[in-house]
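Structures follow.
Both complexes shown next keep chain A, but they swap its partner, so chain B is in the first and chain C is in the second.
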Partner chain A sequence: MNGKRNGSLRRLLEPKDVNSMSPAGKMVTYGLLAFWAAVVLFPLYWVLITSLKLPIHVNDGPLYIPFIDFMPSLHAWEYIFFELGNDTLRPYLNSIVIAFFSTVLAVGIGSMAAYALVRFQYRPRFASVIAFLLILAVVVWMTIAVDLHWSLSVAIGLALFFLFLNTLGKRFQTRVGNDDILFWIISQRILPPVVAVLPIYVMFQQMRLLDTHIALIVTYMTVNLPIVVWLMRDFFASIPMDLEESAQIDGASRFQILLGIIMPLAKPGLAATSLFVLILSWNEYLLALFLSTADAQTMPLLVAAQNATRGPQWWYMSVLIVIMIVPVIVMAGILQRFIARGLLIGAVKG
Partner chain B sequence: MTLAMRNIYKSFGSNEVVKGLNLEVAEGEFLVLLGPSGCGKTTALRMIAGLEAVTSGDILIGGEDVTGVLPKYRNVAMVFQSYALYPHMTVAENIGYPLKVSKVPRDEMSEAVRETARKVHLEDLLDRFPRQLSGGQRQRVALARAMVRRPRLFLMDEPLSNLDAKLRGYMRSELKHLQAELGVTTVYVTHDQIEAMTLADRVAVMEAGIVQQLDTPRRIYDDPANLFVAGFVGSPPMNFITGAITGGAFECGGAGLPCPGLADNPRAVVGVRPEDIRVTGAGEGWLQGAIYSLELTGDETIVNVAAAGTHLISRMDKDFDMPMGAEVGVEILGERSYFFDAESGERLRTASHSGQPIAFSDGSR
Partner chain C sequence: MGPPAGVAGGREIRRPKGRSSGMSLWVDRNAQNVLILPAVLMILAFSIFPLLMSLYLSLSRFRLVKGGYDLRFVGLRNFKKLVLGSEQYHLLGTFGQLTFWEWGLMALVVGFFAHWLYRFATSGRFWIFGFIGRVVTAVVLTGLLLLCLLVINQGGFPGTLVVTMFYVLAGVAVQFTIGLSLAVLCAQPIPFRNWFRLIFFVPMMVTPVGIAYAFRMLTDLSIGPFAPIWRALGFTNVSWAADPWSARMMVLTGESWQWIPFMFIVLLAALENVPREQVESAKLDGAGEWRIFRDITWPTIAPVAATVVLIRMIEAFKIIDFPNILTNGGPGIATESLTLHAFIAWRTQDLGISAAVGYTLLFVTAVTCVSFFNFVGRRLRERTEG
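Moving on, here comes the complex of A and B:
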């Protein structure tokens, strides 16, 4: 439709079949592709050969080709796997456990929230939201400062809140909608985590959960939730309402619709979002630095630790980076099968 | 099952889309809700299905009040305009879905699926996915999914509008045959008056949230209740000429058309169907004009005559042969003309003319 309007632009942007190109065009195309492939792959190659270099090879300046420029050695691999041994394995397992569970929880909870934001209209009064937050603060203050038992202060808080809802609350007309809620959720991510890292640290310290898996799983899940809600909302919105209505009339319950219709159709979105969140958790450094010391230490910390007292140990870092990449590649391979397009073809229209 | 809608109102915010809908649909009847887009017919259907809550009024299915009942407990089946097939399920799984969610045993289910598929000629496509089907095949899957569990009502929301003309004609007769065979009460929404005329036992013509006339297709066509119904039903549409009624004759541009017994009315409209207008030689007939265009459709010629400041469409024999621009006369078969009040659009009747009372007659077919 707009093809006619920007005909020339479209001709430029529309990919031509590479087989129908002139030889010169082919050469340029493949040349550009090869160049970009080199840009992308060279760092990986560099990490790989650095892991096989002796310290002397690194310090002598750039050496590019193994067996010709230098003799590869497995000394760094031996150090990481045998001398460090458990000190490598533990962070590795920690990273896997923490990234896996935080991703599953974030995607699980976040996609439910996203679905609700797409399919239900929420119209809470603005004043009620503010009142809830104020009363929550009072409850916390009563529990900590006044030393009231927590169940008592929660009961008082709930009573206050419902009293407000049924009396004063009705006077306020301004309401917030789904878009406001979504913006509020996303705004949690606008704040850089570093701002909240100290309170988070103190919180887990008080709960005596520092340096545990739980602390990191809960924190990563919370940090990633806004991203999941934001991404999944678009995926759910693309599923036609007709399908759900049709299933309702066919006699399915809400839960049957969610599991039998919505989830299978949202699979590509779930897979893409999971992969994205998994990589974020896998690479996270700052929060891990604060919340873990030894037992729950993750791989990024171990990599950073190679740049300690003796200066950067590039060869050890390279080994760690290589083994860190492997699980992500495996997960990408597994999840990629689900990231198929056109799953909705045939649902509506002829 | 019978269906009754009593005094149904529906508003979206301040926008009232259904205003006092009353319908009684008899057991096994095929009722068509006909109207232009935005007339409230789809909203009415969605309220029967339970997808939309009523603002006020009652809905009864088989005598049981279902006004506040969730769609899944109403045991009605619906065919959507978009078909709404589940894209990740095969044809067999799509058809069997209503049985699967109601926990029908597996063999019983596959037997029912096979039998229903046979009825709509899908038995060879059971393992395909919707994306591998043509539009007509998808439509039949949607139909089979509605039929598989013997619902109390069939609800159809423009099910044929996404098909090409030829297929639409075929599916129309298929649909009529299946409905008669199954004997399930059906409410069918369409804006296509041909579909309404051909399928319906009774048609409810809707406009602006109000039923304008509820009657058999024949009486909708032969005895329209008002200007809207007269103009909406029929293809090519009815011809309208504005004029005045004085002393038992309809006057426009000097010519008079007798309408004995009608009260004087300074602004009246006469409506004549294209088949009731004859093009005659110049100087004859009621009005004089010139041929504006000719369309030979094969079995007849549609003649457009510019006369009385408007265009009159006449359905003439296929052998009709006059050049465009020729001076002609227009003759009206006076028995078959309808008079309306130009302001209200209401039909103007005489005691002798009105015959039987029209419109809003319920129940009895």
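Moving on, here comes the complex of A and C:
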């Protein structure tokens, strides 16, 4: 055909062989990828350079490139770190402590449960589960409506439940299995935090724990437990049984096996899950809004509060955003080779 | 990585020594319960118990009185107020008139669901709970569609329920489309793809509050980086925050910017599991890119796609940071999500309404997500496996 005339065009549009792309295709691909990289990076770049601007540089209209359009200054950084000092450091430390401990606890307790759901068979009676929920409802009603002290109503509820277990409960034979328990745990994620947070607020108020680290750590931990169980279960399921059996024959206890054999093998999963949970706790906003006011205030609240007084002061706000992002990115850089695999296993099997 | 050498035979593991053997023996014998109980107890204490307490709150009226508070059981009055009474404009919105075509669309949807239910009832797989579940799905989805149509017409104004549905459906659709496109581009064997992958992952780690402020800065018409463009186009006197739809689009953009990476990273990992040989032989047979995607790639990644969409839907229903920071719920209530609605009610000490809004959110989330899981996710998975 007219191969000669169209030779150069064809070379542009057709790949050399099956596995490579045509130069034009490559161009389009790189163009699109570069465009998206710009979409991702530009807001971050803007935040970073805004943190180096003086108020006058911001208010005069957009200035794009440091050293050319404007002289960068550390004025906002000095203000945040030295003039505000403790007002910045306290929320920062709060955030670190709360995110760290809630992640460790969630990953610990969640992995234990995930491991147990893989290795043991649970067969609770369906009737006992229903009875438990009904009795719990009665306890709630007695506490709020009848105005009984909560410890008394909990005691009554427990007594009722054990009475049921040992008498009527034995007649019902329908049981639920591991998959039902797993589904129940994971489905907790559907629960909007705003539904649970009102009573949690009241609970912590009663225990005088409002606005403390403990309140936030415990709440974040519970909120993140379902994710940990979901992701970790599949890692544990992929570890062969015989390793454990030989250790068991040698007389190692369950916990020695779990800590000495299983956990080291599940390291990639633990890393990815921890990072994911850590990011969620570090950035959490709604629960902190309800449960902390001053002493346990976390960074997202501090950033959000910047708007309140004299209108948005973009330069200070940008510094706060930068110091919130940096640790997470560093962590992710360290753990990045685990992330995709970790998230994928949960998503594929879940 | 393999098992650590010293541990493999189990000899290195210390046996329980005498000192606390009673306790540790007991723990070991009851390992089954000891391992799972902490998680179950925590969820009971901080999810199930609050859930029941919230239910009670949503059925009662809360008032601050001298030296304490007064909580009175009022039945369904809170829900009545939200659905039919003085709070209707807030939750459901203001209703307009349906046009002729929209009535036609409604009739079509009702017909579709009726046919669907009929087919299930006459198929061999009929069972009563399955039928009830399908009826609930059909009724709720039809109701939500009717609500959406009612409020977008002339004279109507969407309430928080429709706005939340908009964030969820439009947001997840946008995130999935862009996330999948980026993943397909990045899955190709090109140099530097790992760099792109790393960069694309970053937005997920940025705190939503920070993103919201960054977007406010970027979209500022006088000091934002695009100000010269706006000025050239003559948009100096308008504000995107003053128009309901542009404000909602801003919230959607911020939310999508943050969550596209999640879709991207999981879908990319799924794409890398697509069998290479099949793709290559199809290419040798002369199949086009689109056919390869439709017949080989999509069936392999469909279950993962269903799962990430489900996860994102569950999380998207809880949206609060973006509307609260970016637009403060405004103009008026135009960008308010259900969670923000509940939070505002809580701040004004209206605990009953707050809990009722929360329960509405829970109900809508549960029905939508369970329906999606049962009727879309499971089907995609079965088709792949079968």
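The definition used in the following text is that the second predicted complex is superposed on the first by the 255 of 350 C-alpha atoms of A that agree within 3 Å, B and C clash if a C-alpha of one lies under 4 Å from a C-alpha of the other, contacts with A are read in each partner's own complex, and residues count from 1 in each chain.
Following the convention adopted for this analysis, a residue touches a chain if its C-beta (ideal position, glycine included) is under 8 Å from a C-beta of that chain, and two chains touch if they have at least 3 such contacts.
From a predicted model like this one, the values you see are computed outputs, not experimental measurements.
Once the two complexes are overlaid on the shared chain, A:V194 sits against chain C while remaining clear of chain B. In the superposition on chain A, no contact is made by A:I98 with either chain B or chain C.
When both complexes are overlaid on chain A, the residue A:A76 reaches neither chain B nor chain C.
In the superposition on chain A, A:G251 makes contact with both chain B and chain C. Once the two complexes are overlaid on the shared chain, A:A266 sits clear of chain B and of chain C alike. Note on chain A: of its two partners chain C and chain B, the one contacting more of its residues is C. Once chain A of one complex is fitted onto chain A of the other, the partner contacts of A:D242 are limited to chain B, with no touch recorded for chain C. When both complexes are aligned on chain A by C-alpha atoms, chain A residues 243, 246-253, 256, 260-261, 264-265, 343-344, 347-348, 350 touch chain B in the first and chain C in the second. Here chain B touches chain A in the complex through residues 49-51, 70-72, 74-78, 80, 82-88, 97-98, 101-102, 129-136, 138-139, 145, 149, 155, 162-163, going by the rule given at the top. For chain A in complex with chain B, the touching residues are 240, 242-243, 245-253, 256, 260-261, 264-265, 342-350.
Chain A makes touch with chain C in their complex at residues 18-21, 26, 29-30, 32-33, 36-37, 39-44, 46-47, 50, 58-62, 64, 109-110, 112-113, 115-117, 120, 122, 133, 136-137, 140-141, 144-145, 181, 185, 188-200, 202-203, 218-219, 221-223, 225-226, 229, 243, 246-258, 260-261, 264-265, 267, 279, 282-283, 285-286, 289-290, 299-300, 303-304, 306-307, 312, 314, 317-318, 320-321, 324-325, 328-329, 332, 336, 339-341, 343-344, 347-348, 350. Residues 1, 3-4, 7-16, 24, 27-28, 31-32, 35-36, 38-40, 42-54, 56-57, 60, 71, 73, 181-182, 185-186, 188-190, 196, 198-211, 213-218, 222-228, 257, 265-266, 268-270, 280, 283-284, 303-304, 307-308, 311, 314, 317-318, 320-321, 324-325, 338-339, 342-343, 346, 351, 354-355, 357-359, 361-362, 365-366, 369 of chain C touch chain A in their complex.
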